[in-house]
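In what follows, subunit A forms one complex with subunit B and a second complex with subunit C.
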Partner chain A sequence: MMNFQKTTRLSGAVAIAGIAALLISGCTRDAGGTGNGGGAGGGTEASPGITDDSLSLGISSPLSGPTAGPGSCTVAGLYTYLEAKNADGGFEFGDGKTRSVDLTYLDDAYDPAKAVSNFRQLVNEEVFAYVGALGTPTNAAIMPIADEEEVPQVLLITGATAFSEDQAANPWTYGLLPTYYDEGFAFGELLAGAGEPVTVATLAQNDDFGEDYLAGFEAAIEGSDVEVVGSATYEPSDTTLNPQVTELAATQADALLSAVSVTPLQVGVLTRAQSVGWLPRVFLPSNTSTPGTIIEPGAGGAYPALYSTSLTKTPVSPAVAEDEDVIAYNEAFKQYGSTITTTYTPHCVWSYIEGAILEEAFKGMEEPTRDSFMEALKSIQGFEAPLLLDGITVDTTRDDQPAIDGIELVQFNGTGYAPVESY
Partner chain B sequence: MQYFIQVVVDGVATGAIYGALALAIVLVNRATGLINFAQGAMAVMSTFVAFGLIRAGVPLLLAAVVAIVFAFALGAFLERVVVRRFEGGDPDSAVVVTIGLLVLLGGISALFFGYEPQPFPSFFPLGTINIFGVFVSLRSVGTIVILLVAMVLLQVLFRSTKLGLAMRAVADNPRSSALSGLPVSRLLMVGWGLAAALGAIAGLLVAPQLFISPGMLDFALVYALAAAILGGLDSPVGAVVSAAFIGVVEGLAGAYIDFIGDDLKIAVPFAVMIFILVLRPQGLFGRKVVVRV
Partner chain C sequence: MDKIFANRWLRLAALAVFAVLLIVAPLVSSRFINYQLSMIAVFAVALLGLNIVMGYTGQVSLGQSAFLGLGAYIAAYGVRNEWNLVLVLLLCAIIPAAVGMLVALAAARLRGLALAMITIALPIIGIPLARRFSEFTGGSQGTTVSFLGAPDWSGLANDQWQYYVVLTIAVVAFVLARNLVRGRVGRAFAIVKENESVALAMGVSPYRYKVLAFTISSLLGGVAGFMYLAIVQFTSPETMNFFTSINLVAAMVIGGSASIVGTILGAIYYVLVPVVAGQVNSSRTALISGAILLAVLFLLPRGLVSLPRRMSLLIGGTRRRGASPRDDQNSPDGASTADPGTPETPTAHEERQAR
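Now for the complex of A and B:
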């Protein structure tokens, strides 16, 4: 028999390791966080990282860990655009020179501390600008340092409002994507305009990601016939959302806002709700609405309607296979981006578009300085970047909004997404 | 009332996931007296073997069998090559070694299959059974049935077979067992192998729900350890009952206690567990350890 003291010691070790595991897993999937900074920029002759024939960019994104898929795409799409253009002769700049643009990318595993150290390393290696990094907490940690060092930290792949809403206070930081708030708002607007009373249940991740969705949604339904009859939250580390769905199903609400960012959990929501006899109209966030990975495994066809939002054409969808932009993207991606990742997420296209926006900014950049770059970057208006849906453009002149202007509410049609007509 | 029963049934189904892994932990503990933190990572790696085979076109059932055999070999191998060197020493260093294995095996899985969660086919159809308004998914039923069968088999193995008796003897007192002519080395390998095979079954059962990725069972492992300890660490029945208990308590607390809700419910079973362990340090089903002086 093991003696008693040994058992307690063993249990103690187990408890400590268990707590450590909880803490670690609690940190890795955090999709939230805010940051702030202050100060103003100043100009010099030629900034670091730019010569007469080259310019260097840096990025740190999660290339390992649970967010590795989107993180790899965040690098791969941009890399594809830059390399394809370099091979085509290079980028034309506003000062009349043509430069090739190279990209250094580092892995931060979605860890803010690692992201900061990567950022410092890139700045020491004299990158001209830090572009397109994925992640709310990671970018929030970098924001004050970018401000202090006066290094552009721009076109960030995150839907958090913090990076674009106060550009006077954070002049070196700038977001790319429409916010989660906007997505929630678009869905709320649809329900509010239904012309009949609608009941809604909400399920949201217990952090900024979920809260932004709810805030946008609630703002849109205020004063309308839409009533929230049930709400639940979850932690990204949960293994199942069945209890939450069971609770919400008891309301038999007409619609469900499912602000869930974790793929298996979102699939679980779709399978669970229908299996307990609840078939609401479901809204899915743009990052967990892909037909192949979410709707098919979740048997989403059973629901009367599935909504999401979209910005871009989906290059992997056969429906747009003949589109000129899509052909160009697919060919270039096969040659360059596929060396980084082969799994498609929308982030690949977002970061590809980011490449096009950078090209546009370079065209307007009259001096080889970071100041001139920021000025050019913030003066783009009505730019129809490749792969963006009709009606969605790039407008960088708004002082409280990210670069891409507009969002389209779409509805699942059995194979892919099509624009929503009405509720 | 219907809602209450539904919450309880859901809790049992959730608990079944933790229970499967807890069983493997109990098995290793009974066979070697250790707690294996790498149990989850070994299970995930074996499930990845099935995943790779399925991707190569092998039928699900055959792939599962191969994965279970692989798991047995992996468990026996790790025991023989790595863990053997720390058995009989300080249990704390052995625990740290298994944590090292957890990280190592996770990394190896990721090397081959990446970190992105990927869908995994299920043995059971997606349907549900409706019993008087309470919905039970066929997957949950399947998981629970397999789990119960495994639990009974384990109980029989330890209580009523010579192999089980020998394994218990080895775990209890390796030196005397060796002197009595038991093949201690082989028995330890078998114990780890069986535990790993059981872990693989757990992995195969939960992968359709959690999606397969190297970190798939990291969080489940915390619950599984809690269940194993609450159950008494050496009792298969205790592990399974405690796992169901944790699932149900968590569900009920989230559903019925307003200020706890979804945010704090995770803490409730652990708080209850501490309370129970204070009153009954040997766990719900564990045997009290008595030392003759």
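Now for the complex of A and C:
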């Protein structure tokens, strides 16, 4: 009796495992088959994922977990642009055809292993290109596979330099945003151009992200009258930065480079510094500078100046509510993007701009192939994408820089940000 | 006796079919499928380690992802410096085992939640360490390696070759672990789990066996880290993420605590549920995964491994209800006696017998 029970259980479990294995392979083969059917309709030697009237894109971003907010926005903005354009008749391609572009999005929860899994799944389902994914580790894990499979992995939403600096080595990978280095550099330039000696304290995350900010900043102030009089670091897992801020406050520096990327910690920096009587000019990184979530809770109005960097108009800000692009964005987002997320982060706008850059690339794409797409994508110059600030353009021809060229230093004016005139 | 023999043959036949499936599958499947199958093998080994310390020995461990990450980093470092791969694999086993033993030497003096707290510290310390020592780890951007390509003579694609390598490691790990938990050490683990005082009275030192279970668990975690790197070819501090540990514990419970087959089912669950959830609705993966988790825990409180028995109980429920109460108390196999009408609350003793 006992042996019988044992055996049935074991063989039963084995059988289930076997059935499960069969089911998965069965399911996906089906999916692959449909993809094949779709791809076969294209012209001569078309790449997978493109037919005479459609093209499919894929993205894997964190849609759950701690980074779900920005991650959802990287999908929502792009989805908004694509769907609005599809509803408007579709995208015009360089080969004279008009195609509708659809987007398949998957959740990787910021886990590199899941991102690779999703990438392989998307390739298996025959997406034409992998676009706009958020996250440095997740994209880094995918980069060699994209190269091996020769699938475009482009316009990535990350500030890391690794995805654009060596395009000969990684011809299928390309970043979208200016790097953290550029942000640090822009602030350094402002101080260096102040025309008077300035003392600065720096506070940065203790890893390569923080180092990128500092490296950019230090490169910009080299040989100037700017002196770093105090520096401190923190861990993203820290619950408070009060000790660091108190220590830096002792320097009474004129300016503070607060390269803190964790929202509650950045708020804490603003409240703490003023409570110990230190009121420097503060630089906030672009991802922790939103008035509603950082400056208001942190009572940032007390400081003589708050700087940040920006690329785009902020559609949620009343200051630009009358702007043509902003109206178009807000209307389209309400209709399409809000089905994915309703919380605004700058990533929504970035990925919307990414849609416009893709459209520009499609226009230059003369053959329905991935090679032709990459060539077209890498030859855009001086393109003024909607929502980009004046003076910032898309230039994909530089072989060591991401797509968006330029970054604007902005200053908080009580309600939103405006361009900085001088120190 | 004939019946037992016949069933043994049945079992062997089932195993053979399973083995053939495992061997043939990568040859006919896409890279995506092979990646999923390989990841199942990777996490099966990580879960096996967890199951030895939690399922078999009854000690809570929330630090398995730290050993997974440690193994992956050691492998990445070895591969970058072009060390012999066998040596790298050995180091991936030995170093995490040594770290695990060191931690356990201190931690195994504690019990229950206190022990869980100590093990939580591992991924929490591990992530900043991995970020800080960027010359070894590549910092928060992680490190990409390219190794274990298919040799020319095999005629296989890289993904197929990598699959066979991790499958081989996994099979060896499972055979060894199976023998371990069925032998003297396994019985010692079981008695430590059931009652430490009884264990002590029987001459089994709970402390020593807890340390041993932790060491083996970390060793398997490290080996899984090597396999992880072989398949993903990338590692970053995210690999050590505390949530990975939590999800591994959940997967182990879902698969079946203290069960070899349950470990494999747990790994299948761990890898496939996010994929399935993504197919349903990518924006709601966490919600769907949670719903599946709850459903399994409600319907199969002893894990997926109890599914066949649960079904046979449901089907044969009326027939068995006639069994005499005496059988219910004395049968050595808890499985044959559970009344389908009552909640299953087996003692650890029964559970051990059942596996």
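Please note the rule applied: the second predicted complex is superposed on the first by the 379 of 423 C-alpha atoms of A that agree within 3 Å, B and C clash if a C-alpha of one lies under 4 Å from a C-alpha of the other, contacts with A are read in each partner's own complex, and residues count from 1 in each chain.
Simple rule for what comes next: a residue touches a chain if its C-beta (ideal position, glycine included) is under 8 Å from a C-beta of that chain, and two chains touch if they have at least 3 such contacts.
Not measured: the values here are computed from a predicted model.
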{"item": "Touched partner set for A:Ala168, first subunit B, second subunit C, both or neither", "value": "neither"}
{"item": "Which superposed partner A:Glu235 touches (first subunit B, second subunit C, both, neither)", "value": "both"}
{"item": "Touch count on subunit A, higher of subunit B and subunit C", "value": "C"}
{"item": "Partner chain(s) touched by A:Ala140 [first = subunit B, second = subunit C, both, neither]", "value": "second"}
{"item": "Which of subunit B and subunit C A:Ser117 touches, first, second, both or neither", "value": "second"}
{"item": "A:Gly65 touches, of subunit B and subunit C: first, second, both or neither?", "value": "both"}
{"item": "Which superposed partner A:Gly277 touches (first subunit B, second subunit C, both, neither)", "value": "first"}
{"item": "Set of subunit A residues, in rising order, touched by both subunit B and subunit C", "value": "1-4, 6-11, 13-14, 17-18, 21-22, 25, 64-65, 206, 235, 237"}
{"item": "For the subunit A and subunit C complex, residues of the former touching the latter", "value": "1-18, 20-22, 24-25, 28-29, 32, 63-65, 72, 75, 105-107, 109-114, 116-118, 120-121, 123-124, 136-138, 140-141, 143-145, 160, 162, 206-209, 235, 237, 340-341"}
{"item": "List of subunit A residues in touch with subunit B within their complex", "value": "1-4, 6-11, 13-14, 17-18, 21-22, 25, 64-66, 68-69, 206, 232-235, 237-240, 242-244, 246-247, 250, 263-264, 267-268, 271-272, 275-277, 293, 297, 299, 343"}
{"item": "Touching residues (chain side subunit C, partner subunit A) in the complex", "value": "3-4, 7-8, 10-11, 14-15, 17-18, 21-22, 25, 28-33, 35-37, 39, 124, 127-128, 131-132, 134, 139-142, 144, 146, 228, 232-239, 241, 243-244, 261-262, 264-265, 268, 271-272, 274-275, 277-278, 282-283, 285-286, 304-305, 307-309, 311-312, 331-333, 335-336, 354"}
{"item": "For the subunit B and subunit A complex, residues of the former touching the latter", "value": "3, 6-7, 10-11, 13-14, 17, 33, 35, 37, 91-92, 95, 99, 110, 114-117, 119, 126-128, 130, 135, 137, 172, 206, 209-211, 213, 215, 218-223, 225-226, 229, 233, 250-251, 254-255, 261-263, 266, 277, 281-282, 289-291"}
